[in-house]
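In order of appearance the chains are A, B, C and D, and numbering begins at 1 in each one.
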Amino acid sequence: MADKKKCAAEVVSQKLVSEGIYSMWLSFPERQDIAATAVPGQFLSLYCKDGSRLLPRPISICEIDREEGRIRIVYRVVGRGTEEFSKLTAGDTVAVVGPLGNGFTVHEGRSILIGGGIGIPPMLELAKSIPGEVSVVLGYRDSDLFLKEEFEPYAAVYVSTEDGSVGTKGNVIDAILEQGLDADVIYACGPLPMLRGVKDYAAKKGIPAQISMEEKMACGIGACLACVCQSKERDAHSNVGNKRVCKDGPVFDAQEIEL
Amino acid sequence: MNLAIDFAGVAMKNPVTTASGTFGSGAEYSEFVDLGELGAVTTKGVANVPWPGNPTPRICETYGGMLNAIGLQNPGIDLFIERDIPFLRKYDTRIIVNVCGRTPEEYVEVVRRLGTEDVDLLEINISCPNVEAGGLAFGQDPKLVEKITSQIKDAAKQPVIMKLSPNVTDIVQVAQAAEAGGADAVSLINTLTGMKIDISRRTFALANKTGGLSGPAVKPVAVRMVYQTAQAVKIPVLGMGGICTAEDALEFIMAGASMVAVGTANFHNPSATVDIIRGIEAFMRENQVEDIRELIGCVR
Amino acid sequence: MNLAIDFAGVAMKNPVTTASGTFGSGAEYSEFVDLGELGAVTTKGVANVPWPGNPTPRICETYGGMLNAIGLQNPGIDLFIERDIPFLRKYDTRIIVNVCGRTPEEYVEVVRRLGTEDVDLLEINISCPNVEAGGLAFGQDPKLVEKITSQIKDAAKQPVIMKLSPNVTDIVQVAQAAEAGGADAVSLINTLTGMKIDISRRTFALANKTGGLSGPAVKPVAVRMVYQTAQAVKIPVLGMGGICTAEDALEFIMAGASMVAVGTANFHNPSATVDIIRGIEAFMRENQVEDIRELIGCVR
Amino acid sequence: MADKKKCAAEVVSQKLVSEGIYSMWLSFPERQDIAATAVPGQFLSLYCKDGSRLLPRPISICEIDREEGRIRIVYRVVGRGTEEFSKLTAGDTVAVVGPLGNGFTVHEGRSILIGGGIGIPPMLELAKSIPGEVSVVLGYRDSDLFLKEEFEPYAAVYVSTEDGSVGTKGNVIDAILEQGLDADVIYACGPLPMLRGVKDYAAKKGIPAQISMEEKMACGIGACLACVCQSKERDAHSNVGNKRVCKDGPVFDAQEIEL
């Protein structure tokens, strides 16, 4: 059914949550289905107004307000596109396609949610909605603990900082070990080295881990084969073991992906 | 008002198709556009066996365009025939299968396999590096172009479109070589070879170092080459390179393209193809153009 | 922090010059920038006699760039020597004189005249159509490039930069031909040949039909060619094509350009040249780069 | 002296004055000299925000408010650049360079000011400032007489319309003939056919005429040689009889230019 469309999202609010990190609530006057169907782990493609920048910027969903039909994203300004977005104010519009990709698949049992750096925001909606016993482990560079208190109503929150200023000095795995956390399943989003650590840890523990991957995208919907990662098995779509982060992911079973 | 055209003997409901590699085999974009509205769908290049393509990053954005070095990842002709052709056949649109290879034999093998399949046209991507001629692509040498065209024509059951590389000194020579080899049509342009450097990491933005430049940035080069080619050959021209709007498409048509393909624009606007078809209709209505064929090559 | 470089034996205070034809002889832009801040000023192409250039429209805007078909209008070498060199000499900057011609003899005549003048380098624009070789430019044939380079070198008193056309199948062959002919340096890229059609008037946007594409749209092609050239020749490379920001300039430098030229960007921002110099300084400061020469060709 | 600069102008106000024609007042917080030194017949280069459009849009000065340091421009939306400008509202900024080019040289005696279509606005400041007996002749397509009443305080205003709905049916020269206007000097801005008519009329009458020319521009300051028109004499700058509209004009003596 040809019923998806790039549409104008309206900026409900935008604020700076940490140095260079912005939080923005979007509503979708043209498409009620976006917030209604979105699940944690999925992303939106945001498009720039400036015509010199054509490709979509994939940004993960941080929170979903299904009642109001709104989605929250939290992003770091790293280049011209995110800089453009950071200038938007309430009432402005931004073109989006979404929700895209596959979110986290919620399993029974005790879970650890792990977020590192700008991989923290995508874990918030999951923390809010996941049943059972939940521990959240957040990895920061330093004592600028953006978003941390927003997790606290929903879970026990543990922190690691690279500089040791708060919580466990080191990375998220160091924090898990220090706190002696245990779980039946892990969900994680963050930089590649962190994901590698999570994958190894989960393998050693023999528990499943779902990780959210990043790759440069052109289409964002699975057509161009830009955003592939190598899968252990020869998958049905590519026939060469190249999974598409945008379409087959961004959330994958950690043990099925070569990191 | 008539938008229908005949392209290399194949009747098309309108002159708009997709640029190979930007639209997969249509499945993903079918959520955004009714494929039945398109004149044709041109599929991602397919080879005799599956190709894994290049390491990532495979793409990067550039000013008004992008570079790609997907490296012709494809699932191989077997899976393509089994899955992608039946999918596309459900829609009332023409199927143009783009073919890639590293040797003439590989091309011919795919072309032969497709001979018994229900597809309408073949588009041969000769921008692939020729493994026997270190570095240069087939499409960069007119003599090789003529030769490979006639080899493919000998094997082909469907009309053959030779897809030309713009990375040449004289596009006219190459187009004429394709015509001499028996091509039923030519399509152009494939991507311009480019490079981007990531100055903060002091390395190449693409794992492959170089990639192919596409998008509106390249349009003036594409229009020029389409014009020069249309002036120089008798076979029809399928024009592409940076088409984002109906106005862009009309530039190519007025320059001599009988059909146009929409590529990178799909990434910016997943409904670009149908938006362009509707825009062409609107232009014809406003300007009292009864038949799209009046516009083909009207600027000389 | 050192920005000074040696380019083909000439000491430059920094590696930034202007792209020929976009800056006149500096007089107009001297109201916007202190020419003394530039490593060098490269002047508009000058011929042995005045050239009237092409009919208008001579330029049009394109997506992320522009087309020009100025047609090398110039006041001729006499007036240039009398007026433009003395003007530029007032500033503490190097003078690179860009030379055009329709025959080898015309080039050589200008080069000889300049031999007794106080200019630092000659840049030879071989993208001019060769009147003896219908249509193609000198710069599109490696054999012609080698020959004309050595003819010019025989006549020249200043170091010679051969300015290459990007409208070729293999830029490396052309660069090597220039080196074999004795060039002291090469500069690239000149403009990519393009066309725009004005669909409402159903005619060409430029009176000359085709024009040269420049601006950020072409940067990836330029960076690729600069990289390939720098890998293949021993003489220094002056890189250009779409440089608008310090980051753009640094891409060319890291790809192997010892100097860079700013062209179309001047039209968008008349202070682009000095803004870029300051931006390079800022990058070096932030990244603790002591000497710009550490960055030249650092990405391979 | 390297003291000119592209600078941000602030939109004081913008309004639609006729179908597709906008009037905008600009102030120049960064550069007091712009309004202070501008004269009628000069133009500003306006730059687009969208990075896919790099070249300046030359727009003539319509009015100058030296006291408030403001300049008014009136422009027709013909493409993407002017469309972008038409969306600006009070408080927005737009990048400009100017004032550029040479304005009208005011002569003694009775004068006729002629404006045709979007060539009408540039004549307003001249009408306001020119001494002596002034007749203004405005050529319109139809009865949409934008800006006409703004000339009335300063001069006798005559109108021609192509469809004959108001004033003289025909062009501005038809109006001059019908009204039997006479003058010592003519100043004109408008489409090429009108300028040709003015040139012929002035030649026949043996009176000087200053006309404002248009050509596609790249630099707007005289460096690129994009915007030339052919001059009767071999001029000192080009040495080939090619005058630059942006630098040597846009106002020229009609008899010195090939039209």
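Here is the rule we go by: a contact is a pair of C-beta atoms (placed from the backbone, for glycine too) under 8 Å apart; a residue touches a chain by one contact, two chains touch by 3 or more.
In this text, all values refer to a predicted model and were calculated from it rather than measured experimentally.
Undergrad: In contact with chain B and with chain D at once: which chains are those? Just list them.
TA: Neighbours common to chain B and chain D are A, C.
Undergrad: A-C versus A-B: which interface comes out with more C-beta contact pairs?
TA: A-B
Undergrad: Roughly how far is chain A from chain C, centre to centre by C-alpha average, rounded to an integer in Å?
TA: 46
Undergrad: Calculate how many whole Å lie between the centre of chain B and the centre of chain C, each centre taken as the average of the chain's C-alpha atoms.
TA: Centres of chain B and chain C (C-alpha means) sit 33 Å apart.
Undergrad: At what distance in angstrom does the C-alpha mean of chain B lie from that of chain A?
TA: 35
Undergrad: How many angstrom between the C-alpha centroids of chain D and chain A?
TA: The separation of the two C-alpha centroids amounts to 55 Å.
Undergrad: Can you pull out the residues of chain D that are in contact with at least two other chains?
TA: 51-53
Undergrad: Could you pull out the residues of chain C that touch at least 2 other chains?
TA: 63-65, 216
Undergrad: Between the chains shown, work out who touches whom and classify the graph as line, ring, star, complete or other.
TA: Chain contacts: complete, every pair touches.
Undergrad: Which chain A residues qualify as touching chain B in the complex?
TA: Listed in rising order, the residues of chain A that touch chain B are 1-6, 47, 51-56, 97, 215-229, 237-242, 247.
Undergrad: Under the definition above, what is the set of chain A residues touching chain D in their complex?
TA: 49-53
Undergrad: Quick one: which bits of chain C touch chain A in the complex? Just the residue numbers, please.
TA: Residues 63-64, 216 of chain C touch chain A in their complex.
Undergrad: Inside the complex, what are the residues of chain D that reach chain B?
TA: Touching chain B from chain D are residues 51-52.
Undergrad: So in the complex, which bits of chain B are touching chain A?
TA: For chain B paired with chain A, touching residues are 21-24, 27-35, 44, 50-53, 56-61, 63-66, 68, 70, 73, 75-76, 79, 215-216, 264, 266-271.
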